[in-house]
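Both complexes below contain chain A, partnered by chain B and then by chain C.
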Partner chain A sequence: MLLSNIILTNTNSRFLSSASTSPSGTCSRQAIPLPRCSDADPPHRPIEQQTNSHSRLQKSLETFFGVGNHTSSRLLARFNIHPTCRVGELANKQVLDLTAVLSDMKIENDLRREVLNDIKRLKETGTYRGRRHALGLPVRGQRTRTQIKTPVRLNRMERKL
Partner chain B sequence: MFPTRALLGRSVWKGPNIVPLPLPRTLPPPPNTPPIRTQKRGATILPNFVGLRFAVHNGKTYQEVQITEEMVGRKLGEYVATRKRFTYKQSKNK
Partner chain C sequence: MASAWCWSCLSRLRPTPRAVLNPPSAIPRLTSAPFHSSAVQYAPPLKKKSNSMTQLKYRQGQTLRRKKKKHVEKARPPAPGERKALRKRIVLSNPNALEVDGMQELSAETMIDARLRGSVLGLPVPMLDQLRAVQAFKPKQGWSIFRRPGTIMRRDTLEMGRAFDKITGGDAPEKGKVIKKVLTGMKGSGKTVHLLQAMAMGFLKKWVVITIPEARDLVSGDTAYVPVEGTKPTQYIQPGATSDLLKRTVEANREVLSGLKVSQKHAGLSGLKPTSTLEDLAKLGFQDPAVAWPVFQALWTELTATAAAPGMEKDFQPRPPMLVALDGLAHWMQDSAYRDIDFKLIHAHDLVFVKHFLSLLREGQASMKNGGMVLYSTSTSNNPSIYALEVGLDQLAARQAGISPTSADYPSAEAYSNADPRVLEFFKPIEGKEPQMELQTLGGLTREETRGYLEYFARSGLLREPVNDHWVGEKWSMSGGGIIGELEKLGRHVRNTAIPTPQTN
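== the complex of A and B ==
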């Protein structure tokens, strides 16, 4: 009982201190602007666009293509952020840290292009896997008698991600 | 989660599947050299195969494959299909 109380108060105090450093109260919309990744690409969407300050930080990190459950929880742990932290509760420094790490990672369009290039290389060299991609059939040896809705939908000559 | 899924296909201690194939003595081989006929579809393509022609068995016939640099590390059989696409043929006598 005592221990849990201590932990609770601890988390509360940390939570309060981080909240107090954020510009104005809890309901302020806080953008995490990300730098442009490369020339022709549209800029990364800031987190603000996808979510408001009430949404969970982990969830809003996972809206990036290439950041899943594993990466987002690792990121939170790295910067000592509580797993149930909301976007609006972040301190400015934490925002900057997250932004720096995210801009170094291969996410969104860079990652999409890499995956598409891998598939394209398989097709061009004429492998079995490339052919299955082009035909819209499952690639990894699944049965095709029934239930191939996903590859039929996704595997095309011009694959979209 | 498997951090190295690429290694799961085959035990690491075995190394790549290196099959003794009758490679030409001189590289590059002189023109009009017949392609290397083989049924070893599981043979790993080694860097010294680049530029050679192989005739790989597909279960029925031997199909020719020209080895390029991107194929290194993959298997010979990946480039020769073993299945024929199903096509409906109209039967004459009903």
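== the complex of A and C ==
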């Protein structure tokens, strides 16, 4: 059982349904086009989610937006999965457990939408932070003389994640 | 240039008549660049002012930007597992080394022969596969410099040989007894090779040899772990590691295990017939790691059985003694890398596998009723620093030296040192569980043993020096008093021998 099956059965991921399984029922490698937050948005660049059975489970979990080291290591501990477990070593029950938990978590598009909504709200209420987001400037009081590459790149009117 | 307007009356000044002015020439007059005599129109077109500021985009940094070098793949990386295989490769023979004449083999007779002290005995060739199976050889031990693998008979080796001999049989009162030792010693003092010698002797005496070549593998979080229901604190089974242990044990002890029949009833294991051998029993655990731990428990019950269960006496044969060897004990004296459901680290003593093998040190004769030897070695090359273990080993040494645990000289953990209480508890003596564990500290070789060892290098063609007392004494001192790992470095260090100049008389 592969992690891709988790993705397939993840009720949260209605956008990920383009993942296809091979006739044998296992999918070795797939490109999952990331969703658009609204239809007006341009499509996101698809990420290669290489979840073959030899990849590390923790790393595979961290390919989800909203699952980092903190969450993934706790997920593994919760189901008594050792840190260096490979995707192919999982038992069926562990896969089902992980799937159930992942489907309850706010990850991927739901999380993206939430973050974007938060920024949008800041802009609409005309707060300082919202303005800084819109102007492409750092939001949390950093200096602007140097080192603001990231806000210049990310903070703009039509923010993407 | 003067203005065309009068500043006082703001009236337009009359322009100068054209006739007064110089006739306009085809070449415009130069107002600047007085060094040039060529016409401006022949000058190269002016370049756009190169101002780095103008090229930058809005609010971009002014740091130095360099083009990144493209990473060019030169060769294909090695296939998965290839690097590790190379790292773990064990070479046991060097065809360029000389064969040592008259080298004796380790056997049941030579391992107790005190006359052979200080000489290097070869390991029997058929046994090498068994030793490989229990991973007795380690990659950096220098087996690859000699023609064939061999070990030196030092004092500790001969003592151990005698112990093997007594436990195995004859009329000695020690028959069927258990010896339990923790091996320590400086780096390079031969702890791991001492374990190897024990395994070799175990194979020679037809014991069942069970080894854990790397204690760290059990606690490093690299094998699966499953909680045991209803235990408190929760215990954990490691199915993969147990399966590996069974594989090692069967591969190395096939001859012994295939000769012993199942003598107890094992309710949980279907597929086991009354005629099955212990090899068949152990093999059940290979195929399905889920039952590996119950299979191991069954195998342990069989090996420690002193009599058959009622109704199964037909094929019962007395069980041989067992050797249990472990390398890297310190890793089992701390928290493992596993985590429980609440994300707390699991102590190594809560892993059932670890707990079982540690209990052998504590439990006295009861854990191994047919006798045998438990040898747990510390390591100095891959060793976590654990204060409680140091204290525990000091206490063990003090008890052996006859210091009472109630005396003031008895070592104990310092206040506020935060020593692990479970480890301290482990090293406390238990009343009525004889024999207690002992501490064996390996030191250096004696000068005579050193001489025999270095002569072996010379006879293998590695050392081109006259091995005499003076030279041996020098090397003995240089090696920190005969520390065998240091002696090996000195011995294998091939030198260019000075060519004697021809004497012209």
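Note that the second predicted complex is superposed on the first by the 112 of 161 C-alpha atoms of A that agree within 3 Å, B and C clash if a C-alpha of one lies under 4 Å from a C-alpha of the other, contacts with A are read in each partner's own complex, and residues count from 1 in each chain.
The rule is short, and it goes like this: a residue touches a chain if its C-beta (ideal position, glycine included) is under 8 Å from a C-beta of that chain, and two chains touch if they have at least 3 such contacts.
Because the structure is a prediction, the values reported are computed rather than measured.
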item	value
Touching partner for A:Leu75 - first (chain B), second (chain C), both, neither	neither
First (chain B), second (chain C), both or neither touched by A:Leu61	neither
Touching partner for A:Thr84 - first (chain B), second (chain C), both, neither	second
Chain B versus chain C as contact partner of A:Gly136, first or second or both or neither	second
First (chain B), second (chain C), both or neither touched by A:Val152	second
Partner touching more residues of chain A, whether chain B or chain C	C
Contacts of A:Thr127 with chain B and chain C, given as first, second, both or neither	first
Doubly contacted chain A residues - partners chain C and chain B	none
Touch list for chain A against partner chain C, complex	54, 73-74, 76-78, 80-85, 89, 136, 144, 146-149, 152
Parts of chain B lying in touch with chain A, wherever the complex brings them together	1, 68, 70-71, 74, 77-79, 81
Touch list for chain C against partner chain A, complex	59-63, 80, 221-227, 236, 337-343
Residues of chain A touching chain B in the complex	70, 121, 124-129, 131
